[in-house]
Structure formats: structure tokens, C-alpha cells
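The following pair of complexes shares a single chain, subunit A, combined with subunit B in the former and subunit C in the latter.
So, the complex of A and B:
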């Protein structure tokens, strides 16, 4: 006996929990230097919150929250922040990812500049990991073709 | 206090071994899913007690919150998979 229908309990619990899961993911990213966590772990928690949304509501209802194009943009922007910080240190006459050179821009001492450099790198990693986790979940669960695209492909094939 | 919490942790480990019987011999997959979820809750308690024994509770509270979240999401995912038509 399997009940097929709307899962009110899972939907209500997901609606209540997902903002707190995302807040906790941001906390894990920000406090990676002291408590267990960091960029990758926080990104996985943020991705897990969006996967919970997709599991509870299904792809048709939740697809406005996780559009594929926005996920692609997020992963690219995350990698851009990481590599951009490294190249910024290179432009400022230091080594690649030599955060002490950021002290010239930020007008602080070298220790604060290193801390802020690592923080920006963690933020970039978190964004990229979140986008890639949700994208992998969408690819595996729908078999590569999103449920809306099949009909569009058939329509364009019939028109042509 | 340390030996008391150590005894409590060992008792909960024994309870986990009792639940593992359902994981191995449970007739059907629903019994196994519920048993794995129960093992997850016991693991949470054991993590917190280990944190208290090492006197760094704040670090282990972070880890156990994450494990509780992932346990919940994993159970929802397995339940959705079992609900699918074959």
C-alpha cells in the first residue's frame, strides 16, 4: 500500500526548514576558519536545501526556484571570484593567491588582508559548489532531458 | 562525570547494535529505511557525548546539526524513490 498524492507533511516541514538550513549553510561558510566547515561544506549544505525543495515539491512546481541558466551563471561566478582574487594578488605584484598584497587595496595590515582573502575565496567556492550540486541532481533525476524540453523539441521537429 | 557519560555512550552503542538486526533481517525495504533513520538519531547522541568527553562541545554541535539535516534529506529521498511507479 503506497500512498500517491500530495505530501502535505513533507511540504510543510520543508517550507519551515529550508530558510534555516540556508542560514546554517551561510554560517558554516563564514566560520570556516574557526569551527568545522569552510567553503565546500557550506556549499554542500546550501545545495542540500535546494535538493530538499525539489524533492518535496517535484520539478514542475519548483522549477521556477532553480532555473538551469541561473545555476550555470552561479557556478561560473563562483569560479570567477576564486580565480579573480588570485589574479588580483598577481596584478598587485605578488604571487598567485598571495593575499598579503591585498593590503594595498584594503588599507589594513597583512594579517587582516589574508583573512579577508581567504573569506572571499571560500565564498566563491561555496557558490560554485551549491550550483553544481543542484545541477548534478537535476541531471541524474531527470535523465538529462528536463520534462519541459521534450515537448518543445517535438513541437519544433513537427514544425520543421 | 566523564565515566558516567562514557557509560551512557556505550549503552547507546549497544542499542544501535540492537537496531542493526532490523537493517539486516528486516523483511522488505521499509523496515530497513526506518532502522537506518533510527541509527542516525543514535549517532547524533553519540557524537554529542564524544564532544563532551573531549571538552569541545561547540565544535561537535555543528557537526551533529549537519548530520541531522543530511539524515532527514536522505530519508526523504529514499522514500520518494520507493514511491515511484515501477
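So, the complex of A and C:
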């Protein structure tokens, strides 16, 4: 179980740094096709910012900002974007992830289509990695049972 | 016979007086408690009115300021100023600012922010001057052959109220050579000081006064309170 940290300094500084960390993670994702970085690295940075929030504030105070259900949706949608881009190229008579084929529907030349295709794949990867990172952290730190769910589980067990 | 009667009468009168005194004290205590309770409730009501007047504007202003700061950060990182990357930046900054503006600006009231930002900017040169001065002091301590240091831990009770101001003070203390903040426990700073003079400087509280002035805490006036009251009085009239 993750409890609220005692130290005011760590709590306040992490509170102020988290938006900057998140923006840096988004920057790494969005510039992945120009410079080092990309979906996985940016996703890990985004996940780390949420994990920092959880560590500094504890699960009880931070859970409204890190909704467990939304994380599941995000991991699914991320993989969907990645695979969807790949299959879209397949539908447009190219190979899997053959971005040049996207030029037909984007009305641009092949080079621009490649750049945009890589960007969309990286956004998908980033979303999935962020969500899965935080989910893994929550699962490990809570033993798979989140507080609040504990009582519900007991109730359903008793009813059964 | 008469003497015993007299003594008894005196005793009785004393007990009666004593009882009267106890009752009077009781009454006074109850009255004092009642006034303090009503005053507390009254204060709470007034505070609620103040908060309502503040929060209407504070949310939007916090969002806008966070957006601007984060967008400058993005532009510095990105270094690409074509329309495509700037629009990506606007989207990303918008999302992060929407999620995080309460994280950066926690408990900041609508009009306060400009005052605080301006005072904070003025505080930086002052802090820099402090750092240079104590730099020389520590250099003299370290370079002198006798090494006249007297390291000690001092407990330092602060008059600051909010987390942000306490952290500002703690980091300022750590930035100043010779002193390091180890922990803050319930408004009490535990500071490691290199020698007596550094500890005395800290206990004199000049730095704490400066920080209290920035965040308008302790005995430093809330400008915004006066402005808020003026607005409420105008509305009532």
C-alpha cells in the first residue's frame, strides 16, 4: 500500500515538477520522428510522472488523478492506434506499417505521410506504455487489490 | 457561647462567599466560552464568503498562467517553430495545463499571483547577495588553519503557514552556504549549521521575514484581503 509521504519539501517540489515532467514526456513522444526518443521513452516518462505523484501523495489522495479504469482504456486505445495504423496501410494495398501508402488518404507526398504515420504510431505506443507502467506499479504496490475494492470483494464473497 | 455563635456565623458567611465566588467564576467562564464560540462561527462564515469571491476568478487565471509557462517550456525544448509543431505544442500544453494547473498553483488567489511573482523576482537578487556573503564567511572558516567550525543542529520554529512558503524558505536555507535544512516537522525546521555565526544569522530571521513578505503570511498584510473586502462592501451597499 502506498501511503502519503511525510516530507513537505518532497511533496511540494514534486507537485510543482509533475506538469513539467509530463510535458517533457509529451515532447519526447511528439518529436520522436525527428530526434532521439519516441513512443516508449516518452510513455515511460509520462508513467514516471504519475508514479511520482502516487509516491508523494499516497494512493488515497492521488487516485482521482490516476483513474484505474481510464488506464485500462488507455492501454487498449494505444495498442488499437498502433495496430490500426498498421492495418490501414495493409488495407491501402501496402505492407503492414508501410506508411507511404497513407499518402493516398492524407493527400500529401510519401515523405510527409511517413512522418505522420510514425507520429501516430508513436502516440499509440506512448499511451499504451504510460498506462501499462502505472498499472504495473499499482498492481505491485497494492498486491492487486486496491483499497476500497477490498470491501466490495468481501461483500460479493459473503453474498456468494 | 456568644463567641462560638460569632465564629459559626463567620464560618457560614465565608462558605457563602466562597460559593458565590465559584458560581461567579463559572458564569464568567461560560460567557467567555460562548463569545469565543460565536466569534469562531462568525469568522468561519466570513472566511467562506471570502473564499467564494476568490475561487471564481482564481481557477481560470491559474490555468492561463500555467499554460503560458508550460508553452514557453515547450518552445524551448522543441526548437521547431513551424505551424505543425507549434499546434502540437498547443494541444500537449493544453492537456497538461488542464490536468496540472492545480498542482503548480495550489491555494493561490486570483489577484495574489502578480504580487507574489513580482516579490519573488525581487527576492532572487537578495538571496544571491546572501549567498555571496555567506560564501565568503564559509571560505574564511575553511581556509583558516585552526578550522574554527562548530557544527550543530538547530531547531527553528517558523511563523510561515503554507507549504509553498516553507519549502521556499527551506530551499533558500539549503542554497545558502553553511546551512542545510534536514527536515521540516510540524512547522519546525531542523537545520544543520556550520558555526555559531551562521546559526545566529538564521535565528535572526531576516530570510524568514523576506519569505513571509513574498507570500504575504504571518504578520505581513494580505493586500488581497483588503481588496476582497472592498469588493464585498461595494456589493452589499
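The rule we apply is simple: the second predicted complex is superposed on the first by the 147 of 160 C-alpha atoms of A that agree within 3 Å, B and C clash if a C-alpha of one lies under 4 Å from a C-alpha of the other, contacts with A are read in each partner's own complex, and residues count from 1 in each chain.
Everything below uses one rule, namely that a residue touches a chain if its C-beta (ideal position, glycine included) is under 8 Å from a C-beta of that chain, and two chains touch if they have at least 3 such contacts.
Because the structure is a prediction, the values reported are computed rather than measured.
In the overlay built on the shared chain, the residue A:11 is in contact with subunit C alone; subunit B does not reach it. By the touch criterion defined above, A:55 lies against subunit B but remains apart from subunit C after alignment on the C-alpha atoms of chain A. Contacts of A:26 after superposition: subunit C is touched, whereas subunit B is not reached. In the superposed model, A:77 makes contact with neither subunit B nor subunit C.
Ranked by how many residues of subunit A each touches, subunit B and subunit C are led by C.
Subunit A uses residues 24 to touch subunit B in one structure and subunit C in the other.
On subunit B, the positions that touch subunit A within their shared complex are 58-59, 62-63, 65-66, 69-70, 73, 76-77, 80, 82-83. Every residue of subunit A that touches subunit B in the complex is listed here, in rising order: 2, 4, 10, 21, 24, 28, 35-37, 41, 45, 48, 51-52, 55-56. Subunit C contributes residues 66, 70, 73-74, 77-78, 80, 85, 88-89, 92-93, 95-97, 99-101, 103-104, 106, 163-164, 166-167, 170-171, 181, 183-184 to its touches with subunit A in the complex. Residues 7-9, 11-13, 15-16, 18-20, 22-24, 26-27, 30-31, 34, 65 of subunit A are the ones that touch subunit C when the two sit in their complex.
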